[in-house]
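Before anything else, here is the set of structures, which you'll find just below.
Two complexes follow with chain A in common, the first pairing it with chain B and the second with chain C.
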Partner chain A sequence: MTSEMWLSDDKLNHLRTIVGDPDFSSTKYTFVKELARGGMGTVYLAEDRELNRLVAIKVLNTTEVTDDLRNRMIREAQIIARLEHPGIVPVHDVGTLPDGRVFYAMKFVRGSRLDEYTARNASLKDRLRKFQAACDAVAFAHAHGVIHRDLKPQNIMIGSFGEVLVLDWGVAKILPEPDPPWSAVPWHRFGQSGGKPPHSKEWSNTSAGTVVGTRHYMSPEQARGEIDQLDERADVYSLGAVLHFLLKDQPKVSKAAKAISLKARANAKEERYSSASELSADIGRLLDAEPVSAYRENALEKVSRWVSKNRFLILLVLAYLLMRIFLAFTSRR
Partner chain B sequence: MDADTDIGGPLHKFPVTNHSAIIAARSDDQHVRRRAFDTILASYWKPAYKYIRLKWQAGNEDAKDLTQGFFANAFEKNYFVSYDPQKASFQTFLRTCLDGFVANERKAGRRLKRGGDMDHYQLDFVSAEAELASHSAESTLSPEDYFHREWVRWMFTLAVDALRRRCEETGRMVHFQLFERYDLRDDGNVSYASLAKEFGLDTATVNNYLAAVRREFRKIVLEKLREITATDEEFRTEARSLLGVIL
Partner chain C sequence: MSKPLLGVVLGAVLGAIDGLTAWFTPAVRDQIGGIVIGSTIKGIIAGVAIGFFAKKFHSLPIGILFGLAVGALLAYLVARLQGGYYLEIILPGSLVGLIVGFATQKYGNTKEKMHAESGSF
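Up next, the complex of A and B:
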């Protein structure tokens, strides 16, 4: 039990880094740098040598890949691959590293997370437009029987051209459906018995009582671990929490906007919007200065909103009237 | 700080890991227990010795005897049977046992000179003492943090030794030498290109060799960690502190 070697603190840190970094040597990717760490995996920037482009690679943070974890990771890739929508990051590839860790490669999105984006003084209207785009992407997923379950500002990216992308579908839940279209991901690579993907009901790896998500953005039923009770309205709650995050530091927030946020975040799911598309529609009405379903206006507020919406028209009419008065006055003289 | 996704809850359970010396140390089979104990001793004797020197202000000879005595006692009295992974990490448990042992010995005013089962171990106290002399403990670290840091350092040192042996056995000493030159030495001027020139290889080969040897190193570190943790949860926690990565 002897060793002459002394590892300095600097060398220790260096060794920790090289041990922690993924080994992509058996793949077509070259490691570039670490981008982010999450509860399930770490996202790295890598170069696809064949196609000569940068990709984001999510690597499951364990070499102890049980079937349960492997299925969870593969499932995430399959789910995203199924959801072909401009607001959902496309998956390019899925595979396993030499140390046993599962990875999937996806489009590298240049831009900022929603929380970073709003920190740079984004206007209220801009925030609402981005939020509506996120709602639309989630509504698309809902239409395909997928609930995200971990919506939060950190999982919404704003691209360089203002495009909105919803990330990290790692804890998503697939609602039962008769015959899901599994063909999107070459998942036979994982050596599952029979070469067939397990049915969604069989490979759901969160059982009742398991809490999945992020506390501040999680619906009450999700926080209680009522997995079987979760439906689209769990995501509606999370979107409501994201909306609350977007509104909280704004100086002039209308009662209608607050009401939308409150309705989306109602404790009882029956009192929330029934879907993300319904929430998106209300945001659209808010942006168009139309009455929203979440808030009943009084007469004064109706007039005020009408004036606000038709300000240009009113100014035009007033200008016209003033001109007529002026002309009438000058012609009389 | 980002809000992290939680995956847990009341039904989240962590199974007992395979290949764990901590689990094997509870075996009724004397040979299994002995092997497990050897692994634990190899992994902890040096941080334990340094900790005794620092926290208990023990002299060189006294610390040697206390270290030997602690591990001898732990084996004879089967200390590790009472370890409960739900309560603390094994590292914390061992350190607590060590504190209790030294406190008792001090209280009893005993001058230890243990032998028995520990006699055949050639623990390299000279190198431990040399390290203490040349790399004195930072005053900002608590004794507990110092113990942890020295344990991390020792684990990596053992992993490098194991890597060297493995490379020797498999005839890949060039791999290890590249690793030693690039990853172990404090020489900021070394590049893949300079190594390629020095070893008569092309840069791509240096890249491939280093990737392979680092992969082996990672495997060894995780194997060592697996040996001295009792549950998957503890394995992941220790991996986080040892490697700085979430596993």
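Up next, the complex of A and C:
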């Protein structure tokens, strides 16, 4: 007697999903759901059973783990862990799954991506404030010798309390430095061999001619694959492109705001802001209705900016003058 | 410029201007010198009080109300000493206090900001 067992499509799809889900059984995490899938890795929502909190876990997509991929993931985790800043998602843990895939756990951020956030009619001022916060996080990374290389609205997260976080440091480049703090970390801790350590000299995990990043937000030198030529100004270009994205659907954009975006996106990197902090400072001046370095205003624009900045004070002085005129007339009687 | 100093400068300037406008009142035109000096001193006193208030409390509406109250109170005292011209003294005096209250809240540096700018923490 033979028996045949048939599986319905639903059951089959369910099995396929389960097989694709990472096996966290050897870790302190419990799988919850998939959050986002990228080229290199997938981010899952998981529960940390020890600390009883939700975390986001990035796991390599493929189970055929090469040393290069493994190194990339560990390197990404180490880069983020190095950047302790409110604008950069903190890494809690790093480890290996039973199938050999490297994972790292980070803070689970509740909120929306910058492109989704702006789609909900965020005001120009709000957009600029969020953008400035992103610039500050990037400037912090630059100060620690790290270039993001893939800045775009999709990689900037706005938390539920308005906090701004720069995500996805997977293709970041580390600039040379004499003695980085992680030089003491054993690079072969995870058992890989032949991995290039992320210290002692410039480390980018990409060779010359390789193009990494996102086309619309990529600097010309990055698009040409000039890896050795990339410095902080490549990120400044990407930030300029993000600013352009934030301004493009706004009805009343000042010439100064447009000039900042254009200066940040200059084709020649020498013509851009020399750093993200310089760009952030100009955005701050724009928000405070002060003159920005990217735009030279004429006398009329200067007066108009001063008037709009001091509108209430001018109203008070006018009220005072009107009252004085009124009193002058009444006291003559 | 610190908030108390801004209050003093603004109070003195606006007080002096306020005193000069007495020229438009023919009955007191011959006493304009004394009025300007008195009004300037009144402005300085109001400026000091409002400036120190702004240094301690960072709130635009409360700062404006405090400026208005101080300006009105000082102007009332002056009007009582003068024995008349209540409207001509209290109305502009209150408005000057209000302007100083607004300006010291919005402009002028706090101690922390001045330290941060000079890098002397």
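By definition in this document, the second predicted complex is superposed on the first by the 303 of 333 C-alpha atoms of A that agree within 3 Å, B and C clash if a C-alpha of one lies under 4 Å from a C-alpha of the other, contacts with A are read in each partner's own complex, and residues count from 1 in each chain.
The rule is simple: contacts are C-beta pairs under 8 Å (C-beta built on N, C-alpha and C of every residue); 3 or more make two chains touch, one makes a residue touch a chain.
These numbers were taken from a predicted model, which means no experiment stands behind them.
On the superposed chain A, the two partners chain B and chain C both fit, without a clash. In the superposed pair of complexes, A:T214 makes contact with chain B only, with no contact to chain C. In the superposed pair of complexes, A:A119 makes contact with neither chain B nor chain C. In the superposition on chain A, A:L51 contacts neither chain B nor chain C. Judged by the touch definition given at the top, the superposed model places A:L327 against chain C, while chain B stays out of reach. With both structures placed on the common chain, the touch criterion links A:S8 to chain B but leaves chain C unconnected.
In the overlay built on the shared chain, the residue A:V307 is in contact with neither chain B nor chain C.
In the superposition on chain A, A:L318 contacts neither chain B nor chain C. Of the two partner chains placed around the shared chain by superposition, neither chain B nor chain C is touched by A:L175.
Between chain B and chain C, the partner in contact with more residues of chain A is B. Geometry note, superposition on chain A: angle between chain B and chain C about the Cα centre of chain A is 160 degrees, to the nearest 10. Superposition on the common chain places the nearest Cα atoms of chain B and chain C 40 Å from each other.
Only residues 21, 24-27, 87-88, 91-92, 95-96, 98-99, 102-103, 106 of chain C touch chain A when the two sit together in their complex.
Chain B meets chain A in the complex at residues 2-12, 42, 45, 121-124, 127, 131, 134-135, 152-153, 156-158, 160-161, 183-184, 186, 208, 211-212, 214-215, 217-219, 221-222, 232, 235-236, 242-247. On the side of chain A, the complex with chain C involves touching residues 312-313, 316-317, 319-320, 323-324, 327-328, 331-332. Contact residues on chain A toward chain B in their complex (touch as defined above): 1-8, 10-20, 23, 25, 37-40, 42, 61-64, 98-99, 150, 152, 154, 168, 170-171, 207-217, 225.
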